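Two complexes are shown next, each including chain A; its partner changes from chain B in the first to chain C in the second.
And now, the complex of A and B:
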């Protein structure tokens, strides 16, 4: 059995690694077409890797709730927001425009994760008995309550027990400086003051191959995130393959049966909801933490839908699928259209895009597609979401198990839907 | 009297949630009366809140009836409903703009409701008071346009999934439809918010209340009247027509309806047609009352509409209206106690509380009537 797991991890690691390499190669080709220099290419790959890692994290957390326990939570953005804002308030400068508590970053991160998971616990208790679609509406309603509250002027600054703090309302809130800079600079708030010894060596090396120091810093952060994705994977893999995880899968398949077998399914659901929401909060912190600033607009419901699309593409129920889904979504579906626009604009020279779609369509009658293409490229951000919606409909109609959903971990320790003889050939079927 | 008291006590014991809600409302009402007596809140303000709440509530209720019908008969929460409202609004206004501006403005621009170059709406001069025929025409086009759109979506998205009988898969598909539809509209009509009617031309009446007065304009009155008429029509249809009875039967028990020989596919189509018609009308009337339109106004309303439908009890037409009015009043009257930017927080909190403590809605036992 142990041998099986090792084999599986190896093959899964291979799938993930080849996805990362494939995506990187693709974007290297794109960067070459665009005529970017080496620094620009390295930076492009960094951006793609960063976003892929962020999506992989959140998708893994969602997979724990939906893929394992079957809990349909569409308030992901709200839990991310609560984690990020708690962290911002805990670490904020007490004398700043929006005052905070001025505590160190690690305490901020722990606080953010705890608040997100406590909120998850709080929401899960009364919703345990609701139907799946009601749970969906409660969670999205809750996420919107949090977002409107973060946006409200009322809470721009407030005080609890005499301590001033605030959300900054619609203008958003500052997050602490990216701690990665401490590795390279003696004083992260003033880069001119000098570099650490480590910084001198690393920057010195990358200067030879003409990569700017800012790109090196971002890459370091992206690598940390990829490492955290691995951590998320391990945590969720361990949870999923423990006795606890078996009960979760049983709940997903048939809660009444799990109950009848003497498991208190409510407790399991509460725990898994709290853990998942905490991980979502952590992912939010690591994502927004790199920007040094966040605002409520970032956490609109569409963010939750993006994460769902990523999970459904990858295959709900499979952790490796979750990572692949996150990477494929972030790189190809989310960032891809922008690069397609840039490549087309670079290769073909278009006149200025027409002002309206009718002016773009009329020339088609005389076989001139140029204006329509130019209009589409100018409005590619709308077109991208149209495409995402169609992809979601297509997948749910034709391949609801996603790319790797066939690897969904079974609730039973053997696949009782198959005859024993046939099982040997499909050894990968259960993990 | 004692008997009455005993039944009341029994009811309260059986239904603590409702009792608690009534208790809370009673306290708020007392506080409001106190505030009115001391002059902290003026009666004029309360009257304005009530009227605005009624208008918002009926708009949400009208938009909610369609959602409630599809929810109870097709058994899934349709997240594309908000964007169907937006589509209805746009299709109606394309017609009104084309009719009103022909010859005077660039037709290409009129057909896009001014997407390329903004149209001067004062010059165009659309209002319920001065151009009622054009408005009526727009309403009809909005209804027809939305019905066609819903039938198209059902044909390509929901009908192939009918055999799944899985509410969550349909819900996810509807999220996909919602994204595609909303940003498809943004692709065609651009993303900016724009004016529709000439506000100065719309007749407005002031009704004296206490020391001040409440402003009521004809756009609001149109919305209230048309909403009430449409709702009564839907009720009559569901109660007395054969098709309406078949729809209620299917909402109650789909399998039983099937073996009784009810043509379910025909009933599903009728559900989409009626739901789509109400949705289109709601989209057009809401934008008429507001005087502006943007590509995501329906999506923003969607959660409020869900709230109304759930509060009223899924499947109940009168429930949707009552739920809408509860939502409308909550969003306005709550302003007496809380700041304006928390009004939505109050509304969604009411929805979450109802879902948690009374998930069958306030009008339980009434299905599709």
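And now, the complex of A and C:
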């Protein structure tokens, strides 16, 4: 009987695939209600997939640290920022308003990942001897310090050894053109100059089904990101489902035992923290990189909070759960409220929403709920946080292990739930 | 049990010089104003089952903590196989063959019994990141995992935990947790094992089996230091016996010397 990891993987692939399909269908329906054309629908789904992939990546990285090793990193946003900004500075135009080093994108990405990972390593060291709570304090402190630094005028431009560079402070910083465009355009910075042969064919095909070229480009990027999610999964799956992962789990459960059983737990924690932070940096780069621009406001502590909610929803400790959590969070909880608003506004043909809560409440006295509903909907992004709080409370009370956390994902490179000898015997009896 | 890490030597014959792998010299540990361990010295002979007894709070578990590096002694020196291990980290001490079980069991609750047991073995190549990440090297890791799995099943058989292999350790009963503690350290191929009340709460049949196992292992050269409150077990199977009282060694001797000593009777055994 070959009923082990492969089976699990197959069923997991099915879970992930059906989540993607289900979410897509849902948004196709939403787009239909909104009366979007085909191009609009395709574009909507692209946005959902893109954000889902970004979340899935970061959640997977956090799962390695928190789900496996119990390392309470609440500075996720800070490590993402470190990666993005390093990349921006490395690739920036030396003659730009905010000068950079002018190096190629791959070097920028590698540099960003390394810096995020190195910062993770440095931060983990002083807290190794302390309880998990201290790591939390140090990481949130770090994330805020680095965000303030990125925001500070002092670092708008600065020079190291005579080389000019900068963060752009509150205005933010440019990121290099998304290289995906090179696939389609001869000059990505000036789209009018013409398309590549590949671009002509692909755009030509999609024109027939009324999909605009810009949507094709962004879909291409989303597909690349989905592949990267697969890569993240593979890396973390291999780390987690191994003797190394066993030690991580043991550290989470009881570090003293892991130590008493001969494992140098400090080294494991440092490694895992560095890898996790590096992956967070990479996810940040791939996320912000698509916008061509980033600023410090993107990396507020609430971002870390979102990642944690996504992980809790999916099931801390489960890699498949991490992906599901990321997708569900990004599509339903993060983007969902906006679409609910749009659908309701569209279906009930609400007029413009009132500008203040007063204007919204007064009509209630004359039994006109419309303005109040419209006002609430217009402010749905603020309500999102309330909504998230409720979801979190519900999950913690009713399903603390998350969607997939109930499963035994055994930390081993082989299936250790079976008994090898017994299998052979059973086999022989059949012969 | 399959291959053992202990030197498979018979207990020192009459003419061979006695060996003492563990030597504890004047170790002390204070917790605030309380002297939990106060100038304790003793040696444990290779292949022996040495008993460590004494009233509650005598300092037995603290002595174990000091020996295995869980806490560092304020004073004194601990030597294992001639090497000074004072102040070494628990993992370093465990990896040179000196392991211990915990009185208050420390099972890894959200891991299965099998995961608990598979965690323990030393030198697992799959604990190296490059070996688990690179496809080429993963073959070797899997092969070693298969070997360890086989050994783990044998160990679970020995401790009657085989039927619970896929159960979460947090769901085990008190006695089963004690067994898991022992099974886990046995997977480390140790040469010396400190057992802190390994049989408390274990049923009589299994208790006998554990004693038989310990005796068999000690004949094969494993060395045991055993903390136990069950005087039947101690008097019948441990020799020598060290008695601790108020953080100090009160007496060391053979079971008959201990059981007839008046100070020991007063302090611990109770006049009967």
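To be clear about the criterion, the second predicted complex is superposed on the first by the 385 of 431 C-alpha atoms of A that agree within 3 Å, B and C clash if a C-alpha of one lies under 4 Å from a C-alpha of the other, contacts with A are read in each partner's own complex, and residues count from 1 in each chain.
We take it that contacts are C-beta pairs under 8 Å (C-beta built on N, C-alpha and C of every residue); 3 or more make two chains touch, one makes a residue touch a chain.
Not measured: the values here are computed from a predicted model.
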{"item": "Residues of chain A touched, compared between chain B and chain C (which is higher)", "value": "B"}
{"item": "Touching partner for A:271 - first (chain B), second (chain C), both, neither", "value": "second"}
{"item": "Touching partner for A:261 - first (chain B), second (chain C), both, neither", "value": "second"}
{"item": "Which superposed partner A:305 touches (first chain B, second chain C, both, neither)", "value": "first"}
{"item": "Partner chain(s) touched by A:153 [first = chain B, second = chain C, both, neither]", "value": "first"}
{"item": "Partner chain in contact with A:142 - chain B first, chain C second, else both or neither", "value": "first"}
{"item": "Chain B versus chain C as contact partner of A:388, first or second or both or neither", "value": "first"}
{"item": "A:60 touches, of chain B and chain C: first, second, both or neither?", "value": "neither"}
{"item": "Residues of chain A that lie at the interface with chain B and also at the interface with chain C", "value": "none"}
{"item": "Chain B residues within the chain A interface of the complex", "value": "76-77, 108-109, 111-112, 115-117, 157, 160-161, 167-169, 171-173, 175-184, 186-188, 190-191, 303, 306-307, 310, 339, 341-342, 344-345, 348-349, 351-352, 355-356, 359"}
{"item": "Chain A partner contacts - residues on chain C that touch it in the complex", "value": "68, 70, 89-91, 94-95, 99-100, 102, 106, 108-112, 114-115, 118-120, 122, 124-129, 132-133, 138, 141-142, 145-146, 149-150, 152-153, 165-166, 168, 184-185, 188"}
{"item": "Touching residues on chain A, where the partner in the complex is chain C", "value": "235, 238-239, 242-247, 249-250, 252-254, 256-265, 271, 317, 408, 410-414, 416-417, 419-421"}
{"item": "Residues of chain A touching chain B in the complex", "value": "72, 126-127, 130-134, 136-138, 140-142, 144-145, 148-149, 151-154, 302, 305, 308, 312, 355-359, 379, 382-393, 396-397, 400"}
